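Going in written order, the chains are labelled A, B, C, D and E, and every chain counts its residues from 1.
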Amino acid sequence: MVPVSYYVVLSAVLFGLGIIGFLFKRNIITMFMSIELMLNAVNLAFIAFSSVLGNLAGQVYVFFVIVVAAAEAAVGLAIVILIARNRKTLNVERVNLLKL
Amino acid sequence: MFPSTQDLMRIAPEIVLCAMGMIVMVVEPFAGKGGRRVLDVLAALGAAGALAAVWLPAHHIGVAFSSLLKVDEFSVFFHVLTGAVALFVILASPSYLDREGLPHGEFFALVLFATAGMGVMASAQELITAFIGLEISSISSYILASYRRDVARSNEAAMKYFLLGSFATAFFLYGIALIYGATGTTILPRIDAGTTQTMLLALGLALVFVGLAFKVAAVPFQLWTPDVYEGAPTPVTALLSSGPKAAGFALLLRIFVTVDHANDLWFWAIWVAAALTMTVGNLTALVQTNVKRMLAYSSVAHAGYILVAFAARSTIGTAAVLFYLASYALMKVGAFTALSWLGGAGEHHLELNDYAGLARKRPISAACFSFFLLSLLGMPVTAGFLGKFYILNAALHSHLVWLSIILAVNSIIGAFYYLRVVVVMYMREPTREFPAERIPFGVAAVLTLAAAGTLYLGVLPNYVINFAIQAAALLR
Amino acid sequence: MTPAHLLSVLIFLPAAGAAALLLLRGDDHVWIRRLALAVAIGELGLSLLLLYWFDSGSTGYQLEELFPWISSPPIHYHLGIDGISLFLVLLTTLLTPISILASWNSINQSVKGFFVSLLVLETGVIGVFLSLDLFLFFLFWEVMLVPMYFLIGIWGHERRIYAAVKFVLYTMFGSILMLVGILWLFNSTGSFDLPRIQALLQAGRVTLSTNTELLLFGAFFLAFAIKVPLFPFHTWLPDAHTEAPTAGSIMLAGVLLKMGTYGMLRFCLPLFPKAAHTLAPEVAVLAIIGILYGALVAMVQTDLKRLVAYSSVSHLGFVVLGIFAMSATSVQGALYQMLNHGISTGALFLLVGMLYDRRHTHEISEFGGLATPMPVMAAFFLFVSLSSMGLPILNGFVGEFLILIGTYEHHAMWSSFAAIGVIFSALYLLWAYQRTFFGDVTNEKNRALPDASARERGLLWVLAAFILFMGVASPLFTGRTEITVRQVLDQMQRPDKTQPVDAQLHKQAKTEEGDASALYVQAPNSPISVPAKGAH
Amino acid sequence: MTAVLFFLLAAVAVAAAVSLILQREPIHSALSLIVVMAALAGLYLLLGAEFISAVQIIVYAGAIMVLFIFVIMLLNAGVEERTQFSRMARYIGLPLAFVLGAGLVYWITRWTMGTASAASMGSVTRPLAMMLFQDYVFPFELTSILILIAIVGAVVLARREDERQ
Amino acid sequence: MFVLNHLWIIPLLPLLGAAVNGIFGRRWPHAVTNSIALGATGLSFVAVLELFREFTHLAPANIPWVQTYLPWIAAGGFRSDFSLQVDQLTMVMLLVVTGVGFVIHVYSTGYMAHEGGYARFFSYLNLFMFFMLVLVLGANYVVLFVGWEGVGLCSYLLIGFYFLRQSATNAGNKAFWVNRIGDFGFLLGMFLLFRTFGALDFAHVLPAAAGAPADASGQFGTMTWIALLLLTGACGKSAQIPLYVWLPDAMEGPTPVSALIHAATMVTAGVYMVARSHVIFLHSPVAMTAVAGIGALTALFAATIGLVQTDIKKVLAYSTVSQLGYMFLACGVGAFSAGIFHLMTHAFFKGLLFLAAGSVIHATGGEQDMRKMGGLRKKIPWTYWTMLIGTLAIAGIPGFSGFFSKDEILAAAFTSSPYGSTLLWVVGVTTALLTSFYMFRLIFLTFFGSARYDEHEVHVHESPRNMLVPLVILAVLSVIGGWQAAPALWGGVNHFEHFLEPVFSTAAVVGEQMPSPKVPEAASLEFMLMLVAIGAAAIGLYVAWRMYIQRTGMPEKLAESLKAPYQLLSGKYFVDELYAAAIVRPLVWISRNVLWHVVDEQMIDGAVNGVADVSRHTGNTVRQTESGNTRSYAAWIVVGAIVFTSLLLWLAVR
């Protein structure tokens, strides 16, 4: 059996990769995917802690996180569509009218 | 299982808000062009109703929904605050929406929903509930920010807000997860008792702080603010700069005050953030030429002032935060409302020079705008002054001499750029034509109410400050 | 019987007048002016009642008004008058109608706003002089900035905006630190009420450590020093004066600068005597530098108004020196000199303003030989200049003489150096006078300038009468301020032993029961440091 | 057995996450993310969270990611343009992101080592449901508002220009 | 006893005259102005005469007679009333001031008849009378100072009376400024007096000072400091080295002004003040030496300059400076009554000389340069004769008033112990010689020889009667003015000294420093000294006659051969230039280029603006973080996250 801490470590790794991805990617959609990756890492941590604590609340939280992620996805992608429509690009670095 | 009546009464404002939001949306398809007024009225009724509904939780103080919510004077205070902000925004926006050709129904619905989310944040004493409240207000805000969907800047604001907001939310969530892992609970009063892993808890609290610091736009998480505030439609900016920020502070405060660990660990973080936020906010605002953007930067600075009161870690400090948030909301909503009208169609007149000679052409608007600016600057007889006064008092009471001095010096920098706007309005010759139009009723009402409120808080603060002190004392 | 709310009425009558002005139509210039003047004169009349009610024989504050205002922290609406403030209030009420009359014809745009600003300014200034609650004091102190800012910024001259902003920022820089000081003091003593704090300190109930005192003194003093302005905080003044409209300059020089010296006398000395004693030499050196420096720089100005502005720096240096020499004579002299400076520099600005009305310039080189077209003006200008340079039997002499002789008693060197200013003042004033009024009319534009009109003559006669009257009848003034000054100086010798608590304390105890002041019950003088955990 | 599975799934998840980052085609990234989610679903099973595992597959991989792919297709998003406009992100952000990630991992390994392995809780779906609808009914109801907002948002933002009349 | 009980009448009359003429005079004809101005002064003179009568009946115990009116300054520990006093010294001064003053007023009605600003002139003149009377009547130093400053003001106004002329206003300013330097010393002297004695009333200070211990010789004690500071003031007002420079320039004023203010009355205020404070001076050998030294030096110095001046008024001006030096010399050797005596005679003959010079100028249509005169003796005989009398008086020709007073001073300088010395006497005699020379030079150049002006353009005419009558009056006084002291020569009683004795008798209190009384056997010595002085005057007269009557080419040759000394003298030792280069210009330059432009504009404002600029610059720098690029923002979030997590973890571990 694997200690639960391994799962937590894995979640941290994935969370870290999410951060790196967010900073590394330029495409708005894939940046958003990085965030989803981070949320998944959070979910893993919740479930792992829930498991080690013998406390189901963690799983409930995951449920909520997934719902929130879904809602965010809907709105986020709508915004992406707007950007694509108005700016003809998905490169986040080219969306920089507002500055200074 | 159906919640108890008691519990429902404690969330009466949220119920009213959500219900009215939905009603507005349902009515919209049936309201033709002329029916927009109906939507306006319904939405205003929703906000007003929510304000009225605060009476219920105010008289049913207590913990609700298996300890997820705690309705106390503190949350009542914020409900009133966010409700009032919503009401102001709803009153001020119809003319704006008409002018920009934007649909009314969804706008009001989203404002109402967002307000409900803020309400949840203010009364939540469990982190996931708070998170959902936060998301409700945030996601509504994302949509509202890009409400002028054909305008590139509006989209961009929404995109930035959305991406960075979600990014920060992920930190916040991960922090919650770690706190959960460290203590086995996410219910604030139980966190201290459940501590088994101090370091994990510290890490969790740090990440939660990062997430919330983003929400309240503390340096170095403030970078989104100017862009979003500038790009968003001005009534939305009014909302964003006051409502969610207040709610964010409410949540931050509740964690800070309720959780002893947070209180210990966050102190220096808040100290540093306060100093940085004030200074960076003011220095950057100093060099702005766009009034809207300048006010956005000034919001950052004000967040710094509020953090000073946090750092006081005392009842009067908490009370100072509440008082300041109230006065801040009044003056910011007032200022942005003035701007939403004065900005003109398409918000083309936001540069400083566009306001030259305004006092001659639009004396009353200019006077109101100046009044809000003076309040932001911290002139006596305005709410802004007393707010700053209370903050300084709290800080000195806790012997935060250096923070006080940094605050003092910062208000001078602040004075410079606020006065610059006044200078332009009163002391320069007009450089552009001012179309001859009457000030819309809603805008006039908001300006009047906000100015009256600012004056009221500045002259007769007793009721509010005593309530705030009571709320702060009972929060612990 | 004493009038119940005389002081409140004095403070708020101008504000009410301003509100009434707002109701008038903006283009009805005639009635706007008349109403403003009526209000100001009414105010002057009311303030003369003070002379009747004021008891120059009694110590402490008179005609007090005390109401609770903000419950937490405990702030009171507390007004009172004593010898220090009495004549400053009268000076204010005198100069306001003069300012209004001075701007009778020269202000033609936004007339309503102008007079509203002037009246609000009067409210602020009188409020400053009458407030006995530190919070209230600060409130008026700041509020008065706004109308002054507009007066300079809207109705000023070419570089008015720069000057207005400079004025406000300079002042705010000092005052915000003073606010920190006020709050610090509050957190050490638990009160904003000046008499109460004084009583507490007198009774030894509260003691401030030497360092605390020094820091607090610094916080208060900086604000006042900037306002005065003391060298090297003076550079806002020439700009503000030069750019301000005549009325603004009169009020600024006549009254606003006095708020700084008033503050020193009212707060810095009695509240922080140890610090005041410790730092007096440094302050005196700054004051002396200011006296000489202001005079020398005034001498080489090419702009008449700027010259007068720098002369203010010099004159106010005398006042500060007198205060910090801390002898009864010198403080009395300082107090008197405040009034004198208000009258004579006010008159100088009035005259410069009259020249400006005619020629729209302040440059000395633009004038020359003005005595030929306008002999009356020239005569008044000389008279006022003589007063300003301290010629005996005119007012300036009495103040300067008292300051110098009082200072000399204990600090001969200070006085000796300061007295050099007597030479310099003659230097710059007469030189400027020569260049402006003597000689042939070299500039054709000046040849046909009209002499003083009836209105202008009236104003000048009033001021000239005061100049002479105050020069020969000073005991009428100093007699009323004597006891207060002695009281202030007595407080400077604060006993270490605990004295029976003053009646003030009992008086106040009642009003503070039941408010939220319980929150502030804490060790009044714990050392300033990073707080212990969980300060709440 | 579970250990093997864990390491296998963990490896897959990490590899897919890295792939998500490195892929230049958004569609490839999306597919990588689906792999991560699938692997995580497996891990959830290992931790005894069958319900969440199912939800993960259905909602996340099934619905949300489909939405992503749909949008990618709709917008015809091509190869990612690797611009380097942000020196801040390149020279400070990315290195520090590594540091932050490593730091998180470090602190977590350091302070949660040695806890027990996952205990089997039996079937958790029912207690989960009880919890969701009793203790957490309030946030649950709130999520409905959230979904409503998302719908409104999508409608407001994404509807076409000409529909507004 | 009316005037004694109402002393205020004396100064107030001229003040009223000044006020009335000043405010309303512009619209009135000259006659009205005349009657007001002359009436005021004349009544004042009458009042003084009446006062003198009353005064002589006053019991010695009541002298000084002090009258206190309203309190003037009363604050803190200081108190000064408006109080006036009369004693013998004041009496002499009052008579001189009102008497000479009235005469000069009369003269002015003629002299100024065709000038603009007639009423203004008389207003100033009356105002001057007021202040001068306050000065001499004042019963304490502060009231004295009122008059002191007031006469300075009037001097300023009257010097600059022709305000269209740049040189006139310059001279006015210079007079005021230089006097202010003196006043600075006077003020400090008063402060020190007040600190030492706790009051400034003569009635308090002088007896107290008399009782105080004296400073030893060479000791700079309190008394010395007080005396030296007061001396500074006196030097300013009485145009002594180094503050004499204003007086020659003051001749820019109308000539009656020069006569009244800059010869007869105001400039002697310094002498009056020293005499008034003689008790203090006598307590300080250092100060006495300083007074005598300054006086002697000034006398000689000014006389040498006077040798080569060509402006008739300038000669008289330097002569005045020189004569004032005599008075100081007298005071410095303890012969205060001699000083006051010379003050009085000088008032007569110098007033006369100036008025006569004015008459000459009037006659020649405004010409002041003696090189353009000559041969006027016949054309303006009244003027010539009166002026000659004045010259004889000042030159010290026996029988004329100047002879008596000057002789008394020279004798005191030689004999007075411990203050007198041969050196002082030699200087005095040399000065007498020079005085005689330049005065007769003036006479010869002006009235003798041939006319050096264009007789077709300048129509020389005798002055009107209202100018001549004053000349005659003063001429008479110049002759007889010294006779009260005449008996002293023959070992009798010096009436003048006797009259003043009660005032100066306090000097005797200071033990061993008391000036030694004249011993009978010294009479022969005094006679010798007198002869020497007469000889000096005669030599001066002779040399002048040789040079300007007999061999008229000689002065030029002399100037050629002694080029350097000549230029030094005609350039007035270049003191003005020295002051300008050493003090005035550096002061202005430093004020403008260092204090104003550097300290004020660059340092202070620069610092303030610098802070603003730094803020703005920092703002612009910080603003660069707001690059608009979302990835940068994200990077900042990461930075913040690292900072805050590190901080919190560090705090948690700690």
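Note that in this section contacts are C-beta pairs under 8 Å (C-beta built on N, C-alpha and C of every residue); 3 or more make two chains touch, one makes a residue touch a chain.
Here the structure is a predicted model, which means the values were calculated and not measured.
Visitor: Trace the shortest chain of touching neighbours from chain D to chain E and give its length in steps.
Guide: Step count on the best path from chain D to chain E: 1.
Visitor: Quick one: which chains contact chain A and chain E both?
Guide: Touching chain A and chain E alike, sorted by label: B, D.
Visitor: If each hop has to land on a touching chain, what is the smallest number of hops from chain B to chain D?
Guide: 1
Visitor: Which chain maximises the distance between its CA centroid and that of chain E?
Guide: The chain lying farthest from chain E is D.
Visitor: Which chain's mean C-alpha position is the greatest distance from chain C's?
Guide: D
Visitor: Which one chain sits nearest the middle, judging by mean Cα positions?
Guide: C
Visitor: Could you please state the distance in Å, as a whole number, between where the Cα atoms of chain B are centred and where those of chain E are centred?
Guide: 78
Visitor: Quick check: how many Å separate the C-alpha centres of chain A and chain C?
Guide: The answer is 63 Å.
Visitor: Which whole number of Å gives the spacing of the CA centres of chain C and chain E?
Guide: About 39 Å, centre to centre.
Visitor: Using CA atom averages as chain centres, what separation in Å is found between chain C and chain D?
Guide: So the centroids are 68 Å from each other.
Visitor: Touching two or more other chains, which residues of chain E qualify?
Guide: 623, 625-632, 634-636, 638-639, 641, 645, 649
Visitor: Which residue numbers or ranges of chain B touch two or more of the other chains?
Guide: 128, 132, 135, 139, 142-143, 146, 149-150, 159-160, 163, 167, 178, 181, 199, 203, 226-227, 264, 416
Visitor: Going by the touch rule set out above, which residues of chain A reach two or more other chains?
Guide: Touching at least two other chains: 8, 15, 18-19, 22-23, 26, 32, 48, 52, 57, 60, 64, 68, 71-72, 75, 78-80, 82, 92-93, 95-99.
Visitor: Among all the chains shown, which pairs meet the touch rule set out at the top?
Guide: So, checking each combination of chains, I get A-B, A-D, A-E, B-C, B-D, B-E, C-E, D-E as the touching pairs.
Visitor: In their complex, what parts of chain B are in touch with chain C?
Guide: It is residues 260, 263-264, 312-318, 360, 374, 378-381, 385, 389, 392-393, 396-401, 404-405, 408-409, 411-412, 415-416, 419-420, 422-423, 426-428, 461-462, 465-466, 469, 476 of chain B that touch chain C.
Visitor: Over in the complex, which chain B residues touch chain D? Could you list them?
Guide: Touch list, chain B to chain D: 1, 3, 7, 11, 18, 22, 25, 64-66, 68-69, 101, 103, 106, 109-110, 113, 116-117, 120, 128-129, 132-133, 135-136, 139-140, 142-143, 146-147, 149-150, 178, 181, 197, 199-200, 203.
Visitor: Spell out the part of chain A that touches chain E in their complex, as residue ranges.
Guide: Spelled out, the residues of chain A in touch with chain E are 19, 22-23, 26, 92-93, 95-100.
Visitor: Name, in rising order, each residue of chain A that touches chain B in their complex.
Guide: For this pair, the touching residues of chain A are 8, 11, 15, 18, 22, 28, 31-32, 35, 38-39, 41-42, 45-46, 48-49, 52-53, 55, 57-58, 60-61, 64-65, 68, 71-72, 75-76, 78-80, 82-83, 86-87, 92, 95-99.
Visitor: Which of the residues in chain E come into contact with chain D in the complex?
Guide: 625, 627, 629, 631-632, 634-636, 638-639, 641-642, 645-646, 649
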